[in-house]
Amino acid sequence: MATIELGCQLDYQVEFETSFIFQIAALDSARQHIVQEILTCQPQQSIEVCRVGQLDHRVHRMVVQPGPFNLMYTATVETQPAKVPSADLQAYVHSRLPCKVLEFLNPSRYCESDKLEHFAWDTFGHTPAGHARVQAVTDWVNSHLSYTPGSTGPTTTACDVFLLRQGVCRDFAHVTIALCRALGMPARYVAGYAVKLDPPDFHGFVEVFLDGDWYLFDATKLAPVDGFVRIGAGRDAADLSFATLVGNTTMNQIEVWARDTGAGMSTGETGNDTAVSLN
Amino acid sequence: MATIELGCQLDYQVEFETSFIFQIAALDSARQHIVQEILTCQPQQSIEVCRVGQLDHRVHRMVVQPGPFNLMYTATVETQPAKVPSADLQAYVHSRLPCKVLEFLNPSRYCESDKLEHFAWDTFGHTPAGHARVQAVTDWVNSHLSYTPGSTGPTTTACDVFLLRQGVCRDFAHVTIALCRALGMPARYVAGYAVKLDPPDFHGFVEVFLDGDWYLFDATKLAPVDGFVRIGAGRDAADLSFATLVGNTTMNQIEVWARDTGAGMSTGETGNDTAVSLN
Amino acid sequence: MATIELGCQLDYQVEFETSFIFQIAALDSARQHIVQEILTCQPQQSIEVCRVGQLDHRVHRMVVQPGPFNLMYTATVETQPAKVPSADLQAYVHSRLPCKVLEFLNPSRYCESDKLEHFAWDTFGHTPAGHARVQAVTDWVNSHLSYTPGSTGPTTTACDVFLLRQGVCRDFAHVTIALCRALGMPARYVAGYAVKLDPPDFHGFVEVFLDGDWYLFDATKLAPVDGFVRIGAGRDAADLSFATLVGNTTMNQIEVWARDTGAGMSTGETGNDTAVSLN
Amino acid sequence: MATIELGCQLDYQVEFETSFIFQIAALDSARQHIVQEILTCQPQQSIEVCRVGQLDHRVHRMVVQPGPFNLMYTATVETQPAKVPSADLQAYVHSRLPCKVLEFLNPSRYCESDKLEHFAWDTFGHTPAGHARVQAVTDWVNSHLSYTPGSTGPTTTACDVFLLRQGVCRDFAHVTIALCRALGMPARYVAGYAVKLDPPDFHGFVEVFLDGDWYLFDATKLAPVDGFVRIGAGRDAADLSFATLVGNTTMNQIEVWARDTGAGMSTGETGNDTAVSLN
């Protein structure tokens, strides 16, 4: 069990009344216990909390009037240690997949799995189905893409990245998801915080449905999975923008942090890129 | 109230054991009462019924062994007459949208609304928000795209069609959805049956969230909306394939039909492309 | 006749031996007389001059060793006044186009004219063929795209810009070219210098083949066409990078300028976007 | 030396006056001697012959009035045997490339070499520059793409095919060209006839500039290179449509053939995919 202190600070200049939706709060789940959290706005706002997505994660909504606007979120979260999945973990065959995971087989805005089927089966079809195949996919993504901040943008898709061979965490996740779906394994995008991520930022990683549960994979291998704290899950990054704005507002600054506070996180070496998720 | 008899017949040659998911059953909802329905398979199969998507529509799953395989679905459905929405129906502003419709603002596989924002606001921003703006969008789609069977394929997106200016019902729906989302109006894809569609086929159309409810729009204007019977709704056609297969199977033939059986459908002239939906 | 002083200064840090090709020298043609020009390199280089493209424009090649590297080009160019083409200038029908212009009907890397035919004919097909139709295209491009520095990148194509509705001069030119080719009018990309361009930079514009000659069009309308000095022409910007590098080099700075020195340029009001070219 | 008899027959129904450009005539060059050729049209047409492209190949132009229209081209061509290039043939470094081949380094409509640089260098950068590297590229294309008639269309690009992993000869050529250009080797598209191609059709292959000359490569390995007869060369298939039409005409039928008539073609086993070109 690790105790992680995390948060973010977002600084805006609101020109005209703006409607915000923030997806920044840590998910409260069996694996993540929120010990304490504070959301403060300068100036104060009336905040509505909604729950969205398959994990019923929280989004915070508010309408902000013109002027400087600052939002700060801090939380202390106790996370369960990552259980190492056995290497022989199986994938469900198509006919046994639960109904509620079927939508995560479908192609999505940034994960055009329908275009990558030939490549996926040619490259990974010979690896045993299940954990080994997902591991082969993440290893491939990790070794064939270079992590290059600034090389991609908000409309970049898995296929774009597959061609260009570079991107950031969100892009690594999209390629991993697209390949898993092409191989018949439901896969979803998870946004969150990550201890030891350098430079600190929101993180995007992947969960794949194997043997009846969702398992976490991160092809970037940039931070220990034991230090991941989830915000929510969706089909791809389109579902998990940290901030959605309708109005006229300029972002001035963003700061994100996450640190392990104690002795709890013993196994968190970078590169151990798989952990069970227990939602 | 109309009474519609509809159905489909699908003929396959299964080479190796194949897992099928069919999305062909009429939705049972307040607007659509299923009087009778029959699903028959030759040879007989063990069928699992799942419910998926925001409308909890039914999908039918089965694992079929090698050999010829024929599935026939027939249903008699009583549908409520389409209420004509008033032309001054308003769109909700962003901050008032219910949480459960927010996901239908996000771009999806075949509806890249994130790329069409400038065009959408330049072209439709001066039209009053709400029903009038959606009507302007569907009129634009209807008059700027030509309905050309064979011009597009399964990976064709709204942006592809926006460039090429031709497509089929699915493409017309995708462009309409992408433009509505770009304009801040939640929009979803609906698959279904349509009376008087020529040639007969499954139909794809659109629902837009206005003033607290979902309203049906069909930019193709090929069939009367009073004769539409829904199967289910999703983000785009990626969620609503009539058949998803994992295995090795060849489709030989497909037949789809829908006919109004009685005096019920009085207002169904082609071209009246809007009707309230009451789910 | 105008006398224009122009030039550029490029500052590099060469890490490993780098092979450069520069396309920065003013074209010497009937319309552009080069009074004087100087190309200087710090440190000095052995420079090879090649001629490429349909206008036989000059490119300068050199291999530079590691260290700081600075190149400065200055020229004084006398340009002929732009003849205003008559509004009833005709386009040649397809069967009369000279062989040497046929290649400029073909789609190219950044001008996918093959995808825009339906749009082009629907939108401009009713305008009289010839100058009026090209004018309608440039007016459309000018009024439907917003000039937004930073909105596009080196791999952005005409179709991308057609969707996004924003770009820079190169993008305006690519959309104009793609539409003209889709309409059966040969069109080529011209790189050059432009007086009064703000901020100063290399400029990209268009030439369309009408009535036996190439005529200049600039959909950006950002600078007077009388102040344009051409470097060369090609199929699109892929043929006219100001610098192509093979090696390992970082660009530190670029400065570009062009100014009218005298009383020569009397008619150069911005917005007069057409002038005859006399190559 | 081989003596090849080849030709094509094209059958049209012309609805309205149509301007045609055909690129079907065998190139007359040092390597290809045209012994005899006949072009016949039913009904008779006034035919204009133009020369285009870097090889100055012939195109045939005519304006055809409404009615049935049939064109038949036959030729007897003596071709030089393919010299096997030595495996240690070098590529020129960038600074030594002749000016006239530089344009074949630029990305083109169907060969987006600018997007494939990372992949190309990661995958082929360790192979010795020159013939060995081109061979590695064609081997990669041959083993990673499946030849699947009907899987691609006229707007399909090298990047599309790189994703989908299937295509026809034109697509194999485009991927090969894009990769060679990304690696700094000038590459061009060649259209032609091919003996033993099954099913018979026009063929598309590749020439790469190595050690001062253009060398032929065909990643499809579907027919012996000794049986290739060239029509012309260009940047990609956009420059080499066998027929370009402006007007209103329907194609009814196309037939293409090429057969070796004698004992000349001794070394033509399929799979020997390289031969020197001597233009």
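Should a chain be cited, it is by its letter among A, B, C and D, assigned in written order, with residues numbered from 1 in that chain.
Please note the rule applied: a contact is a pair of C-beta atoms (placed from the backbone, for glycine too) under 8 Å apart; a residue touches a chain by one contact, two chains touch by 3 or more.
All of these numbers come straight from a predicted model, not from anything done at the bench.
If you match contact pairs by residue number, over half of those in C-D turn up again in just one of A-D, A-B or B-C, and that pair is A-B. Work out the mean CA point of subunit A and of subunit B, and you get 31 Å between them.
Each chain gets a centre from the mean of its Cα atoms; for subunit A and subunit C, those two points are 44 Å apart. Spacing of subunit B relative to subunit C, judged by their CA centroids, is 47 angstrom. Shared interface positions of subunit A, i.e. residues touching 2 or more other chains, are given as 115. In terms of inter-chain touching, the protein chains here make up one closed cycle, each touching precisely two others. Applying the touch definition to every pair of chains gives A-B, A-D, B-C, C-D.
Within the complex formed with subunit C, the subunit D residues making contact are 19, 21, 50-53, 59, 61-63, 93-95, 99-100, 102-103, 106-109, 111-112, 114-115, 154-155, 184, 234-235, 238-239, 246.
Those residues of subunit C whose C-beta lies close enough to touch subunit B in the complex are 115-116, 118-119, 122, 144, 146, 159, 162-166.
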